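Two complexes come next, and they have one chain in common, chain A, joined by chain B in the first and chain C in the second.
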Partner chain A sequence: MFLHDLKYELISSLRTKQVIIWLLIYPMILGTLFKVAFSGIYEKENLFSSVPAVVVGCSEGSPLRSVLDGMKNSDKPLLDVKYADREEAEKLLNDGDTEGIIDASGEALTLTVAGEGMNETILKAFCDQYNSNAKVITESASDPAKLGAVTEQLMKDANVVEHKQLVEGNMDFFVEYFYNLVAMIALFGSMIGITAAMDNQANLSALGARKCCSPRPKMLSLLAALTARFILMAVCMVITISYFSFILKIDYGERLGLVYLAGTVGGMLGVSLGFAVGSIGFGNYGIKNSILTAVSLLLCFCSGLMDGNMKIRIQENVPVLNKLNPAAVIADSMHCLNVFNDTKMYTEKLITMLVMTAVLVMFGFIITRRRKYASL
Partner chain B sequence: MQVFNTFFKVLKKKKTALVIYTVIFLVISFVLASGSETRDQFKESKLKIMVIDEDASAASKALTDLIGKKHTIKEKTSDDDELTEKLYWTTIDYALVIKSGYESNLVSGSTDDLFGEYHVRENYSTAYMTTVLGQYVKTARAYLAAGKPLDEALSATADTLSKDTETIYYEKSDGSSEDYSNEFSTYFQYMPYILLAVLMSVLGAVLTIMNRKDIRFRTDCSCTKPRSATLQIFGAAVVMVLGIWLLYMVAGIFLYGGIYRGIAWLAVLNSLVFTIVAASISLFIAGLGLEENVFTAITIIVSLGMCFLCGIFVPLSVLGEGVKTAGRFLPGYWYVVANDMLKGAEPFDAGKYAGCIGIQLGFAAAFVMLSLVVKKSRKRETTA
Partner chain C sequence: MADTVVKIENLVKRYKDLIALDHLSLEIKEGEVFGLLGPNGSGKTTTINCLLSLLAFDKGSIEIFGKEMTPTSYDIKREIGIIMQNVAVFEELTVYDNIDYFCGLYITDKAERKKCVEEAIKFVGLEDFTKFYPKKLSGGLLRRLNIACGIAHKPKLIILDEPTVAVDPQSRNKILEGIQELNRNGATVIYTSHYMEEVEQICTRIAIMDKGHKVAEGTKEELKKMIKNTETISVEIAEPSEEITKEISELPHVYKTEYAEDRLTVWCSGGKHNLIRVLGVLQKHDLHIGRVYSELPTLNDVFLEITGKALRDKED
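So, the complex of A and B:
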């Protein structure tokens, strides 16, 4: 009996156009657009590359020239230097082809920049360094016996920092948008969750009224409806994550199996949310669907779908919201897999999702059980 | 005027989307504009630095104090996981460890790996702090070599490194002007999205209803001539589209702080032309007679797709060459190119601006032609 119900619930769910559009086509298109727009930004904006600078008033053989020439030979030179006259340098700065002009024609270096940011700050740090060296040498010139030692200390390479990378995962910040996209699809599962409840309640749909007249146990019918939607949602999640991972080449890390698991459990959570709201005994499908869509998008906004820094702002001010927001929990589970080597945090997030799912399903069952109608 | 009035009766029932989109757009625009500030002098970037002082000496304290003058010192985290999270989300830009034995090693001159540093990505903060720390140690070594005792050497180092290089802020002469500031231009930057979304979901929805077979047949058999009915629908659509565009222009005046001036009028013209494009796209899609679900999906795909591919959501300067090439085949790209010239991101060229306007009008004409073809073929299908 259960399998019979399950089969027809699956068939009827598959024939709903909404499922195909909102749970498969829409996320795939949005993911493709994210990929197109965001690919390459991480490398351009975050990873260090030599800062382009133009040097004016620097003659051949000058101390500055030898410092800059020496810098060129290092693995990752701080500056990418061009030499030009003032007019050409200003043209380059104006056209955005350089970040700043280092002017060596005076006693001390001066800097001209057209913006504010890390590139300009690095250029200033270089000029500060050169000017402070000149100052120290000038001060020491009064004692020629020590001048040699002072100059040697200033010129000697100083490898004073031991660098340690904390994690090896994908540090591209934009991958967070894809975690949030998966969370959004999962919560859109509520659209099909609503029908699982409404199609079985006599006061909410004609189909529910017909089912209530039949001798079939209501619990069995509800379980079949819910299971069918869980299966459908799992399939949608697997297809979408596979599309992101294999077609769009989004780096979800090496533990893709666990990403599928997180997505599937997240999908179940979304369906359960719809089931719980659908069970409430008032409001038609349109109203409930609109409310759930708006709530899902609001939850995704809080977890960083529209603004990547939103989740961290909430974390700093109201951290409990991130622990209760289903979208943040789903996105975090994938984030933990990427950032942390162990699965402690991931397991914590997965258990949170399962507990939320269980609570919502229980809520739905309690509300719908033992309903009898004198007339409808 | 019966058809004309009916158009607005249907519009009244579809106004929710217009109100929601408009309110959200205006709130975001006003927030973005109020957060902006004009610059006339250079300010260094201020990093958020966590210092783990394992040496706890006078020398390490002197260094921490010096760093604190230019940057923000953040509290230490309790464990590695928390530190990783903070570095990942850049709530901390740099985690510095002043290793045990720092002071004695500095005095003895064995300065390799005096510090440790944790990072999750090799970014500009790492490069910058490596330079700053290297310079600090070199300067302190030099003063020690000059025969100063440690406390004097550290004090002299702090004094020398506190002197800032003279930095001039260069105002780009790139066509940007007070009449159309960079901050205000963001209002027009995002306008194509709102125009597409609103016109497609409102105008498109109304036209879809007016084009429904049963309504069209009823109108056709009434005493109103088909030509008159079409003209009334066209007239109502023009009034509605211009009304929506005017609404955004008036809201823009409040944001601008008065009537538009100078080059800002060119941005107004650019937005008017794009409004015509958005209306023509809505006309075309409404003519296809799609189901509501499919129509909504297409609305979202077209509006978001154009905004992502044409540099509306993400600046053109950041998009890859392939994306930009694809974007050239969409009207939104030419809107953004014109807006970039007006705000000064690209040098202004009147001929190029006129070209952008012309191409957008060309797209509008093409969509109108396409919708006429679709209308004719659908009419043939239904009468056959």
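So, the complex of A and C:
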């Protein structure tokens, strides 16, 4: 009996255009747009690039030259150095072709910059560190055998901006948008959850009335309808995450299996939200769907889909909102995989999602179990 | 004597101040095609919904197959086929799958179900449309699918709630013939409609409803005997003088005359040769006579006489 219901619930759900459009095609299009639009901005704004600088008064074979040449050979050199005389250097600075002039003609390095900013700070930090180390070298001059070791130490310290992997995940801020996108798709599962409830209630649909007249216990029909939608949603989530991960090359970290699990449970939460709202005895599908879509987008906005800092602002002002917001919980479950090495926090988020799902499903069952209706 | 299949006693259903069903009692025997006839809002669908235990009621009792009907009376529900006023099928399932799905709610054995589904498809004449989706079907074919979904499991009691609304004449005839065949095959049928012609055509016993009351019940012959009118004569004619009208009114068995829209209408109660006598008077006065009609009373006349209003609105 259950399998008969499940089979046809699955077939009919799979053939629903809305499922294909909103749960598969739309997320893929949106994900692709995110990738195209945001990855460029992100790389430009957030990824480190070498700071252009002009060095004057630096002779061949000088210690500074050795340090700078050594830095050049690294993958991501701190400085992009040119050697020039004072006049040419000032011209480059005035034309905006360089961030600063490092003058090595004196006893210590001096820096000339045109403005203030991160690059200027980096140049100043470099000069300060070099001067400090040069002093150490000078003091060590009495023992020339130590000179090589000191130079090596200097070069090591110069490569200060170096990424260090703490966990198995990807800590790029850019990926956060894709966590939120997955959360949004999960909540869009509510649109198929609505029909699970409405198609089984005599006061909400003709189909529901016909089912209620049959000898099939309502709980069994509801369970089949809900299970079919959970399965369908899980498939949609797996396909979407796979598309993001393997086609768009979004780096969800090493623990992709757990990301799939979080997405699937998130999808169940979305379906349950729709089921709970769908079971309420007034309003047609269109109204309920519109409300749920708007609510889903609002929840995703609060979790940082449109503004990456929104969740942080909410955390600072109303932290409980982040704990109750399903979109934030879903996104956080994936986020914490990339922050913590253990799965304690991830498990907590997963349990939160399961508890929310259980509460919403129970609410739906309690409302829908009504034996007779006051009006049809 | 046939067994009672449905017994409704003193059923009362209120929607706040509105009384939708007012102490309604009905008894439907096995093998009957029982018609519930009444205008929109008379309480036909409410009666059906209460009968099916979908709708809570304020007072009264309902028994089907001798047992009290409740939402969990699954053994009773197994023997009922319901065809709702609104088409209730899955838009995303084919004709075959829809019938198989609903049949599967009643019959678990696959082989038996397959046989039932194929028979139902043949019965409603949808053999050429088994792989069609409902949205590709015309209104009439869709109604036939709706019926197939309700009867595939071969129920003993079939309830049809206005199944021919917005259906073309060809499909309507097919549906009505089908209902009669189901009845011949042993099913008891409850048929609600506000189309008196349909009810007259297929129902063996009829209850006429108005404003939640049962205003009359019986076979169509019994119902027609309840009223004074036995024949209505209409003659297309130029307006007759008062003298002629008076002469016709005084003819035996004539109890009412009316002239409107170039037509003289004469209502008779009993008697024979009423038409000849009326035409005799008109010929005697050398009046030019157009078309002449003589009609036996209809259920609409019954409803009109009992309630003082026509059964159907003009737009119906």
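Note that in this section the second predicted complex is superposed on the first by the 246 of 376 C-alpha atoms of A that agree within 3 Å, B and C clash if a C-alpha of one lies under 4 Å from a C-alpha of the other, contacts with A are read in each partner's own complex, and residues count from 1 in each chain.
As a convention for this text, a residue touches a chain if its C-beta (ideal position, glycine included) is under 8 Å from a C-beta of that chain, and two chains touch if they have at least 3 such contacts.
All of these numbers come straight from a predicted model, not from anything done at the bench.
Asker: Would you sort A:L324 into first (chain B), second (chain C), both or neither based on which partner it touches?
Answerer: A:L324 sits against neither chain B nor chain C.
Asker: For the overlaid complexes, name the partner, chain B or chain C, with more touching residues on chain A.
Answerer: B
Asker: Touching A:A209 in the superposition: chain B (first), chain C (second), both, neither?
Answerer: second
Asker: Touch check for A:L298: first (chain B), second (chain C), both, or neither?
Answerer: The answer is neither, since A:L298 touches no partner chain.
Asker: Determine, under the contact definition given at the top, whether A:L354 touches first (chain B), second (chain C), both, or neither.
Answerer: Once the two structures are laid over each other on A, A:L354 reaches no partner at all.
Asker: Using the superposition on chain A described above, determine whether A:L93 touches chain B (first), chain C (second), both, or neither.
Answerer: first
Asker: Give the list of chain A residues in touch with chain B in this complex.
Answerer: 17-18, 21-22, 25-26, 29-30, 33-34, 36-41, 44-48, 76, 78, 90, 93-94, 101, 108-114, 116-122, 124-129, 131-133, 135-136, 139-140, 143, 146, 149-154, 156, 158-167, 171, 173, 309, 312, 315-316, 339-340, 345
Asker: For the complex, give me every residue of chain B touching chain A.
Answerer: 39, 42-45, 80-81, 83-85, 87-89, 91, 111-135, 137-139, 141-147, 160-161, 163-174, 291, 293-294, 297, 300-301, 304-305, 308-309, 313-314, 318-320, 323
Asker: How about chain A: which of its residues touch chain C in the complex?
Answerer: Residues in contact with chain C: 1, 4-5, 8, 11-16, 202, 205-207, 209-217, 371-376.
Asker: Could you pull out which chain C residues touch chain A in their complex?
Answerer: 15, 49, 52-56, 70-72, 74-75, 77-78, 80, 82, 84, 86-93, 97, 100-102, 104-106, 108, 149-150
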